[in-house]
Amino acid sequence: MSSPLLLRTLFHLAVLALVPPLLLGIVNRTKSIVGGRVGPPLLQPYRDLAKLLRKGAVYSRTTTWVFRAGPVVGLAAVATAGLLLAMGGAPAAISFTGDFVLFAYLLGLARFFTALAALDTGSPFEGMGAAREVTFASLAEPALFLCLLVLARATGTLSLSGMLGPSLPGAWTVAAPALLLAAIALFVIALAENARIPVDDPNTHLELTMIHEVMVLDHGGPDLAFILYGASLKLFLFGAILSRLALGGTGSEVAAELLFLLGLALFAIAVGAVESVMARFRMIRVPQLLVGASILSAFALVLLLR
Amino acid sequence: MLFVILAPLLCAAVAFGVPSNRRRPIALLAGALAHGGGVAALLRSAAPPARGDWLGLDALSTLTLLTTTTLFLAAAVYAQGYLSRRSDRDNRVFVGGLLVLLGAMTVVALSRHLGLTWVAMEAATLATAPLIYFNQNARSLEAAWKYLLIGSLGIALALLGTFFLALSGAAPGGPRSLLVDDLIAAGPSLSRPWVRAAFVFLLVGYGTKMGLAPLHSWKPDAYGEAPGLLGALLAGGLTNFAFLAIVRVFQVTRAAGEDAFARDALVGLGLFSIALAAVFVVGQKDFKRMLAYSSVEHMGILALGLGLGGVAAAGAFFHAMNNGLTKGVVFLSAGNIHRAFGSKTTDDVRGAARVLPISGPLFLAGFLAVTGSPPFAPFFSEFAILNGAFGEGRFLVGALLLAFLAVIFVGMGTTVLAVVQGDPPGNAAGVPLSRENWLMAAPPLVLMVLVLLLGLFLPQRLRDLFGAAAGLVGGGW
Amino acid sequence: MSSLVELAFILVVVIDLFLLASSRLGAAIRTVAIQGALLATLPLLLLTDAHDLGHALVLALGALAVKGIVVPRMMFSAIREASIRREMEPIVGFVPSMVLGAIGVALAFAFSSRLPLPRGEMHPFLVPTALSTVWAGLLLVVSRKKAVNQVLGFLVLENGVFVFGLLLSDFMPLMVEAGVLLDLFAAVFVMGIVMFHINREFSSLDTEKLSALRD
Amino acid sequence: MTVPLLLAAIALPSASGLAAVALRRRPAAGQGLACLLVCAGAACGLAAAGAALQGGEIAAPRLSLRLDGLGAVFLAPISLLAAAGSVYGLGYHRQAALGARAIRLQLYYGLAVGGMALLVAASNAIVFLVGWEVMALANFLLVLTDDERGEVQRAAFLYLASTHVGTLALFALFALLGQAAGSFDFAAWQGLSAAGALGARGFVLALLGFGMKAGLVPVHFWLPPAHAAAPSHVSALMSGVVVKTGVYGLLRVTGLLDGVPASWGIALLALGGISAVLGVAFALAQHDLKRLLAYHTVENVGIITLGAGLALLGRARGEPALVLLGFSGAALHVVNHALFKGLLFLGAGAVQHATGTRELDHLGGLARPMRGTALLFVVGAAAIAGLPPLNGFVSEWLVTLGFLRGLGRPAGDVLAFLALGAPVLAFVGGLAAACFAKVVGVAFLGNPRTGPAREAHEAPPSMLAPMAVLAAACAAIGLAPSLAIAPLGGAAAAWARLDPGALAEAAAEASSGAARVSLVAAGLLAAVALAVLLRRRLLAAAPRAPATETWGCGFSAPSARIQYTGSSFAALLVARFSWAIFPRGPTPHLAGPFPGPAELRTEVPDTVLDLGLLPAARAYGWLATRARLLYLRRIQFQMLLVLVTLVAFLAWGFVW
């Protein structure tokens, strides 16, 4: 790896480590602005994390090592997935043919352990949350794959770095409609995977209606911090993909990086906007939404295959 | 050669003479041993039959004799145990009848003369009828009566057919004889319509003895009511000889150039028998009747194999031997189960494997063998027959055969497993009406081992014999 | 001479039809005996130079003895022992069975016309007579209730076969014929025993009783 | 040198049962010796397989034995699982306690293993069939171990009947091929043309015969009852390797033929896809632990079949890359599935051993009494869900790579649509993850739902050790996949009869990818370790809080019964499959402001068996009993039959 590339990679790792909570900040800020409130400062998430990290944790007598493993594995898996992600047009730290499969399954690993941790509490509500999480996730999985396949087909490569790499702008010129469909589908998936409105309401207070939040009811202290950070990291990953996909412009490396960050910000704002203008769907509708996304992306793929 | 025929008859005479009920069965054993020895001696000094002999030993008769003498020896040993159990009954007729049966069957095997064959078959029929009545109750009587009437009807038709055959060669230049060799030699010069008619009458006649559907109706009754020992000898022995007789006739028919029709008739009758078994075996509560239908099925397979010709013919002769031995296993073990539970319906028979640690599992194994599961020998013979069907390009026949075999397997399986597995019903829990002793458990065991060995390793000599036998009807490996 | 033979054959066929129609057991048995005797004459009537006299004589006497005398006596004794009622108790009525018999005769003639005799010198009526007698026997066996009647049917059947056998009597070795008679005799003998047992078990010879065995 | 190894691998297990019989008086010793023999045989088997995979095949022509790469791929898991199972048996199915029953089991267990070893090493159709049937019958008797239970009897007979039907189909298949080639040696079949009627007939028969054993939908129906009824280490063996022999046969036969049409590959892909999706869907709906695992077998066989389909398609279309990826994916998944499914079934056995029930909704909270079992079970669950860094991921990844090959095709090419297979696989993976979240969560986590679950005890070391070994193997393959993938290239080339050079390029790509995968896996482990350390530090620094009850969201009187059950957990997903799964059960009637106590009990019939075959069978039985009235009891009629037959034949013969 040549030294400038190495530098870039290091820079990306730094971004990966530091930026995610900021996205949550942006989302919340957007919501409060649209809602006409002052709202929390942009950096509030960092404060929350710091506070949580300092706290001790309360554990239920029901729980076992699985409950403690949940947040740890969840965070680790998502972070590792980050290593596979190409940012700002530069290849990722690790990239190889079919690495996006690994990417998806790492997210799956995180989900698996979060759900187990939830079930470990023996609380009916957390069980409910876990059930919904795995259900919707398993419906989102094929949709995500289809979107990535569209990218792969359009760019003619089989690794994330290729799909989100320099060849992307060229792809837009030949396969714009397909890519657009894929982008929309990907955005829907991002909302679902990250438990945002209209699939889930991150700051509702009615456990019966929650998905992700209810799973982590019993976590506290560092565990909760890990979970929050992991969640933001996940949001960041999707945001990164979408930002590259949307603004995969050409130009100098610096420009690319700036565009990339800008894209992330826009993504966060978009999420916030959706959250402020839409209401949460009824549970029954969620699968329809996800299946819709899969069909959309499948259509996009077929556009390219025929 | 005469010794093999006379020895059993002599023993029969002795048996009728011996006063003591307990000592008489020894005669049976003696007859079986003498016969076995005689057959062995015959095989060593085997000379191909010469033109004009009334008795002769060719591949076909060798095979049938081998099977029978083995089976009969096993049955004789079994009888020692069985008859000692039934010392209440007078077994003079039983023992004598069995020996006469053996003698008659031997004649059929060796005879080169269709008239002689017919006489022997009739003698066998008549000798068997009283044996079926051994239990001397209304049911066994009815069975015997039906067997006798239907059997004699068949035999009468067979006689007429024999006459037709004789007539077909009665033209001034004709052989004017019933010696198989003469007729075959005369081959094309025989009058074909008469040969065809003869074949029909003989097929129906001997087919009745063989128990091909729809001529089988005596079978379930006779096998159901007769002692398992007799069932084994009928299903594994006598039916094979009826088949042998049909083969002889087929040889002539083929020589006369009528075999196209004959083949179709055989295939049709065979398939029908198998199909019928596939219907009647399903949900059959009475396991002895079930075995009877299984026997119908296997007769069908034999006819099918003969009709298909080629490899299938060799397979058929292989199957005849396997069927004989396997039937011995299932009928003898079924007999033991019947004795132990005092019933032969799945309503009151359960957990045989627990009550009879040898016969129960043997019955299961025998079922697997009889339904053609590898590695038992019948699998390989049925395999050969299927092979032949495909070889002749008769794919439909092959497919039908497989379908029927599958149904029969399921049908028999439900009954057999119901009998063998599970906990025995309260009354017979562990304490059977009669425990199995070695005299009654060993014979089927030995036969089972034989069947398995034949499956795992078929001696070249035997294989050649099957080939040669098939050669007589234009087939071969 | 040949007209006599013709007469004999026709008589045999007529007897067949009569048997199908007869309603009295005793009469039927007697008729069968007569038929047997009639058949016994045939070997002599059909005597050609191809036969040797002694052989034919043996056959005739044997037939007469067995078919004409011994067997009918046994039947009568069986009836007496089992004190059977004298009716035939048909399953198929007398008229229908007669008609069937007649059809059988017609078929027999048609059938035998399709089967060219390989040797011309034989009498043209022989095969049809044999076949229609066989047919009549089969009908009797199938369509009558009592066990005795079935035995009777068998006798007629065997008579038919015997007639056919005459076709070959010139070259068919004595032994087989002896076998035929012997087996016939034995068959009836065994059936008689079984009939005796049936009577003991069911106190009647009605085969209606013999239908317990089923699936 | 290697031939004796192979022979030992076949003979030692087959004979092992005799030890148990011989030492009837000293059961512990007898079982120990038998187990020892099996393990020795397994060792030889592994050695032989290794040799065959490294340095080409082992051949003993006079015995018509020949172990090539393909055979070795199957022999290895057979040996490993056999050994694991028999060791497990020492604690799970103790001869000292069970006597004759255990002796019988030892006998048949050994025979089953020997039969499998024989059939994967056979170089001749007849030998193959002998091994096949020995295995099948031994398995039947193994399923029948507890034959006093009606459920077991039914399951065993269902297994016997279906395996027999399968055998009949093979019987026809081999007859066809034997006719065509004039011999039953596989060598002679090599190069037979798959085109034409022969090929079509053969392929259908092979699908029926081998598919039946492999448990492909729709002929999977025998599998769940049988696996549930058998003792757990037997279930492990059956589900782990016995089922695979079907796959082996399919690969073996198709590998021998030439000119395989593309349609075969497509057919396999379709069947595999259906089996994978429906298998996991049915699994989700189950609440009997072992039935659930059995349906996952169907799913995984589906995945394997997808790989096989890719390989065939590759051969048909002359795409070496497809051949390599498909074949190695399938082969590796064969091994992997044997490992983790074996592990899971042994775990299920431990649970049953401890609680006496397989009913998920009666369990719960087992992770506390059974720490070791729980840990190992979670590993197995993660592996079967295809989660990194475990072996399940690697094989699914390979198959997916195969599908992705489609993306490289020009538009309009049928192969391009292969790409659509990848999402299907992802979907299956997601469902499997959901299903095992349910299993682990309901069985091991939360509070015990019933008394037995509360009194559960940890399994003895003799049961834990083999599970640990299997788990370790799962992890090893997951962490260093390239080691496992490397030898498969040769096997693939030998199977497709291509020269290895053609596959080299694809192989290089796959193994480099695999290397990266292990890199990421290492990264993951490092990250986990880091996080753990960090968490330790933080918690140490922070004030310690007392343990409490789970927060019931304000619900004052929580009880174990209010936990989410397996059925409720899966309900949302099962609803997605209302077109294929039809749960039965009375819906409770709740009315009024204060409804009285009501109970909801649902059972999930197997759509093919319970809603298709059994009704059909009943109908046939009904017809047959009606037809039996045709049996005429009147002797007159019986004789009339003879007469009619005679006349009919005369008419046939003379009228036309």
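Some notes on this structure:
Lettered A, B, C and D in written order, each chain numbered from 1.
Note that in this section contacts are C-beta pairs under 8 Å (C-beta built on N, C-alpha and C of every residue); 3 or more make two chains touch, one makes a residue touch a chain.
Computed from a predicted model, the values in this text were never measured in an experiment.
Taking B-D and A-D together, the chain pair joined by more C-beta contacts is A-D. With respect to chain C, maximal separation of chain centres occurs for A (centres as means of Cα atoms). Chain B and chain D have centres, each the mean of its CA atoms, that are 44 Å apart. Between the CA-based centres of chain A and chain D the separation comes to 35 Å, rounded to the whole angstrom. Chain A and chain C, compared by their mean Cα positions, are separated by 101 Å.
Per-chain Cα centroids separate chain A from chain B by 77 Å. Chain contacts: chain A has no residue touching two or more partner chains. Contacts with at least two other chains are made by residues 114, 138, 141, 150, 207, 210-213, 215 of chain C. The multi-chain contact residues of chain B, meaning those touching 2 or more other chains, are 145-146, 149, 153, 193, 197, 220, 280. Applying the touch criterion to all chain pairs gives A-D, B-C, B-D, C-D.
Chain D meets chain C in the complex at residues 628, 631, 633-636, 639-640, 643, 650, 654.
By the touch criterion given at the top, residues 114-119, 134, 138, 141, 147, 150, 154, 157-158, 160-161, 164-165, 167-168, 171-173, 175-176, 179-180, 183, 186-187, 190-191, 193-194, 197-198, 201-202, 207, 210-213, 215 of chain C touch chain B in their complex. Only residues 145-146, 149-150, 153-154, 157, 193, 196-197, 199-201, 203-204, 208, 214-215, 217-218, 220, 261, 265, 279-280, 282-283, 353, 368, 371, 373-375, 379, 382-383, 386-387, 390-391, 395, 398-399, 402, 405-407, 409-411, 413-414, 417, 421-423, 456 of chain B touch chain D when the two sit together in their complex. Residues 364-365, 367-368, 374, 378, 382, 385-388, 393, 396-397, 400-401, 404, 406-408, 411-412, 416-417, 419-420, 422-424, 426-427, 429-431, 433-434, 436-438, 440-442, 444-447, 509, 512-513, 516-517, 519-520, 523-524, 527-528, 530-532, 534-535, 538-539, 541-553, 558, 560, 562-564, 568-573, 576 of chain D touch chain A in their complex.
Residue ranges of chain C in contact with chain D, taken from their complex: 91, 111, 114, 138, 141-145, 150, 207-208, 210-215.
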